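Next come two complexes, and both contain chain A; in the first it sits with chain B, in the second with chain C.
Moving on to the complex of A and B:
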């Protein structure tokens, strides 16, 4: 019943799973050690994490659709129970309903394919046996599955609340790995389940645009958030938008860029979510407006976050630049100029929220006077250090990524990409040397640092965070003048972006929910009828059928 | 070993109750399990036919084919588990009269080879069910029982109309003979018979729009009785419904009508459950929903789909038995069955049991319900019934809303009370849960049996 096989694509995604789960297991182990052995939640959590881990393994190593589906659903419900540990009932309901919706769409596609091709094994599926009229519905069902899991708009409604309310560490699993299951299915869909030949290019232009629009909207939503985890959640949606866009280009370089960005995003989000989890653990606060100035007490966390946002923003000299570079070159190569502009617009705007992240938490004025600090277990540093080290290594040796992806590309039926040295990343018509850039940046960094240190004593004395002597606005004691407070409000005044920020898909989903609930209360009345009425209805039913049927 | 024993021994046990009051629990369990073993020993030897009188028109005949054997095994298995569950309890000895009578009548229903006998067992089963409902001995229970009786007699009347019309036209009540000569009756009489049978059995098989009475009755009865209603009684009627439908070779347009009614039944039941505030009612709605799915699948006239339905019947019976018995534990603690009680109990064991039951009902892997759903959907796609596939998937999502809301509320941070569960119930509930997981992981043996049953059910008249 379970058909599993080891494939390069599976290895790649399972490798990411291992990185995330092993590093988080160390953190969890450290935090469990102090608790009682009979603790209900901890015991069930260990079981559920294990189940989730196994189900991810089943998804990535499945060699037939049914096995894939089994893994998929087990992933959904086991993660649901982990989310209920901390989230509100409404949020976890939202999570499971969207994800079950994804699962049922997948099941629909699976039974359609299975019934027509007579097999569920990827290697044996001959998609040409499926009637042409059904190609589009099957593609659509699979795309809905992918969109929901990866949070592509308009199916992203569940993502943000879930990421915010889940356990702080589990948010990193959700963002780093579980969302990648959608990406995995996307690659699987056009490489093995359906195949390029049967896919309408038109649909995938639309998908590419959906991805970009998702990333633009989510980026602006991220900027205007006051909660750290919500910001990261929107950022996660935006990044997955890029991956979906670049994968729907269907070229070697497109897939390479998509895989590279998947790798980078997993590392970055593991790092950032654990970093934010550390801050929440220490201070118990999740809002930028309540935090600030933590660099003096937690310099290592600051450096980790710095590495994380450099990776997230796709700036040299770290690994994040490699995948952005590949995305840009691929889009240029494929002459998708408009997409390129949109992607660049969104990544440029992403700097804003990256800056907010580092400024709001670590820079600016300290809020120490109002916050009690708990001591952070050392284990919280492990996932961050793992992520940071890999990001630095990838920055120095960008083609390590290509070396990792080549077996996958070969197994998907592409030519592997040649690379002259591990230092050099070749993006078609342009290339760069990671080693050189890294050296250059380190030199500049050292130079700036030495200037800063030499000027240290000349910098003006620190001011209180409510001191607005250099501000032009009228002071008001109720307004918090911290940087993190109210950033993004001004964006609402820009006509196009303001419209995006004011509206959300929430209303539509809630309208659907209201309609279902209303019809439920209405229909339920049938089951409260008195016995006379039931008897009458039965007779009526009999009579109507009799008149319809008798000739 | 006669197949009559499946009816007579429980009936005898039931009438002997007054004499063996104190040991009856043990005797009952022993007899049930003994008969279960006998039933299993029949496997492979079917079909068997037995007549009591040899007057060809009015003979009483019993038929044991692989389909009825499957149901007999299922009923005896459920009843064995049920009576084992109550082995340690001193209270309510009189309920053993009724449970044994119920068992005798449902095995009579599935085994009978003539329609008048079916009517007799139909009545015995109904009367037993009325009394079972009234066992609560309060106002709610008695009014529920009376309502049940009124609706039940309605069903009997329609069944009687059908039987009379058949006898007037064909002069026989033997199902096999009816099956062979049914086409000779005039079109209008055929329609009247089919319609009356549909109403008569439809009320009992709890299909929309004849099932408006069900939920109130479930609420009036105790959870243990509901476990039997849901796991045994409704299953017997559903089998009978389709057994007779396929015996009479009804037209495919009637079958597709049944499928549409199944979809409506599923949708209406799940929608109603959505805003229900009482767990007993929710379970009742869920049973109605599953019956809707069974109607979609069983009316497909295709072995692939029907074998999925048979698989679903087995899994659903075990699941509902498990769920109602677990709910009973909660009701004894909290004296109520509102959904609020799910927030207030602290028992990892019960949460796991409920989780396995709910996920299996939703058709999620790796539980038994998933295999059933997969088989049904796969078969329906094979028949090109895409609309039904879509409907089942979408409505399952509505089903997920309330089941996951219940599961989610067990994890809500509120003051919780510990629940003590005795060893025997714990073992039995675990056994049922393990069975559900086992059939989800290793479905092949049960699927083969289901296929066999489906073949017999469709080809009913050829046996």
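Moving on to the complex of A and C:
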């Protein structure tokens, strides 16, 4: 019944799933060590995690649309039950409502494709059999599914609350891998099953712009957050916006850049969410205004986060730059100047939330010297180290990514990208040598460090945290010296950003929910659920069915 | 190769500090003062490097400053100095304009880490102002640079320089140049875009806790980085330079305009600078982009 087959695209996404799940499983093992069976409050969550893992496997390796849909539904439901463990009822309901919407849209598209092509097997689907008039509705249904799952505006409403309220480690699963199911569906549907020759280019121009508008708005929203997990949630929305934008280009370099950014984003978000989860575990706090100054107590966590934000901001010499570079060169090659401007603008604004993340938690002054910290299980470092090491390796050898993506590109019917050496990344429009940049960076850093060390000045270490220049005064403990809450406050006064920050899609969804409620009340009044009405409706339904069948 | 790189660094250090000295001197003349001698900034640098007392705030403070200088040196080494010359090219063959644009933010990142770790709120305020201003600064600059890359169909700085042999980009794409130039004024950190280190408001901002050799390193970074930015502007818009003298003349012209503008205009607040940069130079550059 289940049709599964191993494909390069499936391998790629399942590989990412493995990285995320295996490293998080190690963290869970470590937290279970030494505890009795009766301590497990959430025995069910182990089962649900397993179910989620299997469903992701089913989605990525499915070879017919029905299997894909079943996997999709199991994924939504199993993650819903994991979320209900911690999140408020309203948030979990929001999650499942939106994801049911995505499921129904996918089902609609599957049914339409099946009814005209007569098969659900990927390999047998001939999309040319589907009447042209239905191309647009099918595309739209699929896009709604993808947008909801990846949180592209205006369907991002569920993302932020869910990421914030879900279990700390589960947020990393949501951001790192579940959101990528949408990206997988995008590539699978539009480059393999439907084939982009059947698609209206204008729709995908709009999709590209939706992606980039999502990323700009989400970036500014991220900067204004005080909660660490909310900031990361908005940053996820922004990064997925880039991926949707670049995949809408439908060229070999576009797909390649999209895949590369998917890889980088999975690693970075795994690292960052686990890092934040560690801090929440240690301190029990999630707000920048309550944290700060943790760098000298947890130096390794700080360095991990530093690597994470360099990856997130896409700076050389780490791997994050590679995907940004491919996105830029693809857009340059296609001469999409305005899209590129918007992507670069969003990407430059992202430095501010990267700084807020690291400053708010680790730098600045500690806002709380009293609270006792819990000891962090060592296993919490494992996912972070895995992410950081891969980011460094990709920085040194950027074309390793290309080597990984080439089989997928071939299976999608593209020419594989040639590369002369693993150190060099060729973006078509331009190329750079990651190995040289990394080596040079290390050499110069060491050289300047040795110059600085060789200068024989007397170094005075500061006495305590109040030993700072403070307008000629000595600050006392009652003065708030942590600026964590203040980063990004000024943005509210900048007119065009203030507009974005003051408005949200909440009202828009509330209006839709009111309309639905009102109309259902109206229907209920007309057709209350009495036995007669149910009988009448059933009769009506079968009569219609009969007519349709006869015709 | 090694000598080549050494020359690049020495030249950038020398001209960076020379221009800084000139800036102080010329500003003083504009204000009707005599000002310090041009060589004063060199003396300051040497004095600070050999200063007895230096306050350290932990390994990240130290590392952050070293990181910042590394970023500036990296940026410099990826920009070729001369048009069509085999010398003074550094590592530009391994990178391109996009790499340079991103290397330019590597230094500020180190700066932000170092300053963040010293626990002085004024430093963090300065950094936040800088990053907020960056939102505005990068927009017109990116538009202009993207325009130049699309017009030249390359991201290679040497090729962009060679392509200008028949006419400078500043004249063939004047609107892009104006957009990038206003943004460049901001990148130079001079008035009206000097809100980052405004002494009356945030107590010198990022530089608040710098002392001794750390301050010396920060000043050297600033000198090298300023020269790198001048160099980039000359290469992208003024056709590069075929010899060192031409390079000095062209960078000096750009620099002197920045100084004069800085002396004429009063400081913008962060909000004003972002709004100005988005409304005026970005729109100019966008119009320039439309004319490509």
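Basically, the second predicted complex is superposed on the first by the 466 of 551 C-alpha atoms of A that agree within 3 Å, B and C clash if a C-alpha of one lies under 4 Å from a C-alpha of the other, contacts with A are read in each partner's own complex, and residues count from 1 in each chain.
Just so it is clear, a contact is a pair of C-beta atoms (placed from the backbone, for glycine too) under 8 Å apart; a residue touches a chain by one contact, two chains touch by 3 or more.
Just so you know, these numbers come straight off a predicted model, no measurement behind them.
When the shared chain is aligned, chain B comes close enough to touch A:70, but chain C does not. Of the two partner chains placed by the overlay, only chain B lies in contact with A:516; chain C stays clear of it.
Here chain B and chain C are compared by how many residues of chain A each touches, and C touches more. Of the two partner chains, neither chain B nor chain C is touched by A:170. Shared-chain residue A:84: touches chain B; no touch with chain C.
Contacts of A:348 after superposition: chain C is touched, whereas chain B is not reached.
Judged by the touch definition given at the top, the superposed model places A:491 against chain C, while chain B stays out of reach.
Applying the stated contact rule after C-alpha superposition, one finds that A:190 touches neither chain B nor chain C. Of the two partner chains, chain C is the only one that A:455 touches; chain B does not reach it. Listed in rising order, the residues of chain A touching chain C in the complex are 293, 295-296, 299, 302, 306, 310, 313-316, 321, 324-325, 328-329, 332, 335, 337-338, 340-341, 344-345, 348-349, 351-352, 355, 358-359, 362-365, 429-433, 436-437, 440-441, 444-445, 448-449, 452, 455, 457-462, 465, 468-471, 481-483, 486-488, 490-491, 493-497. On the side of chain C, the complex with chain A involves touching residues 49-60, 62-63, 65-67, 69-70, 73-74, 77, 91, 94-99, 102-103, 105-106, 109, 112-113, 116-122, 124-125, 127-129, 131-132, 134-135, 138-139, 142-143, 146-147, 149-150, 153-156, 203, 208-209, 212-213, 217, 270-271, 274-275, 278, 286, 289, 292. Those residues of chain B lying in contact with chain A across their complex are 147, 150-151, 154, 158, 187-188, 191-192, 195, 198-199, 203, 209-210, 212-216, 268, 271-272, 274-276, 281, 285, 346, 348, 355, 359, 362, 364-366, 370, 374, 377-378, 381-382, 389-390, 393-394, 396-398, 400-401, 404-405, 407-409, 411-412, 441-443. In the complex of the two chains, the chain A residues touching chain B come out as 1, 40, 43-44, 66, 69-70, 73-74, 76-77, 80-81, 84-85, 89, 92-93, 96-97, 100-101, 103-105, 107-108, 111-112, 114-116, 516-517, 519-521, 523-524, 526-529, 531, 534-535, 537-538, 541-542, 545-546, 549-551.
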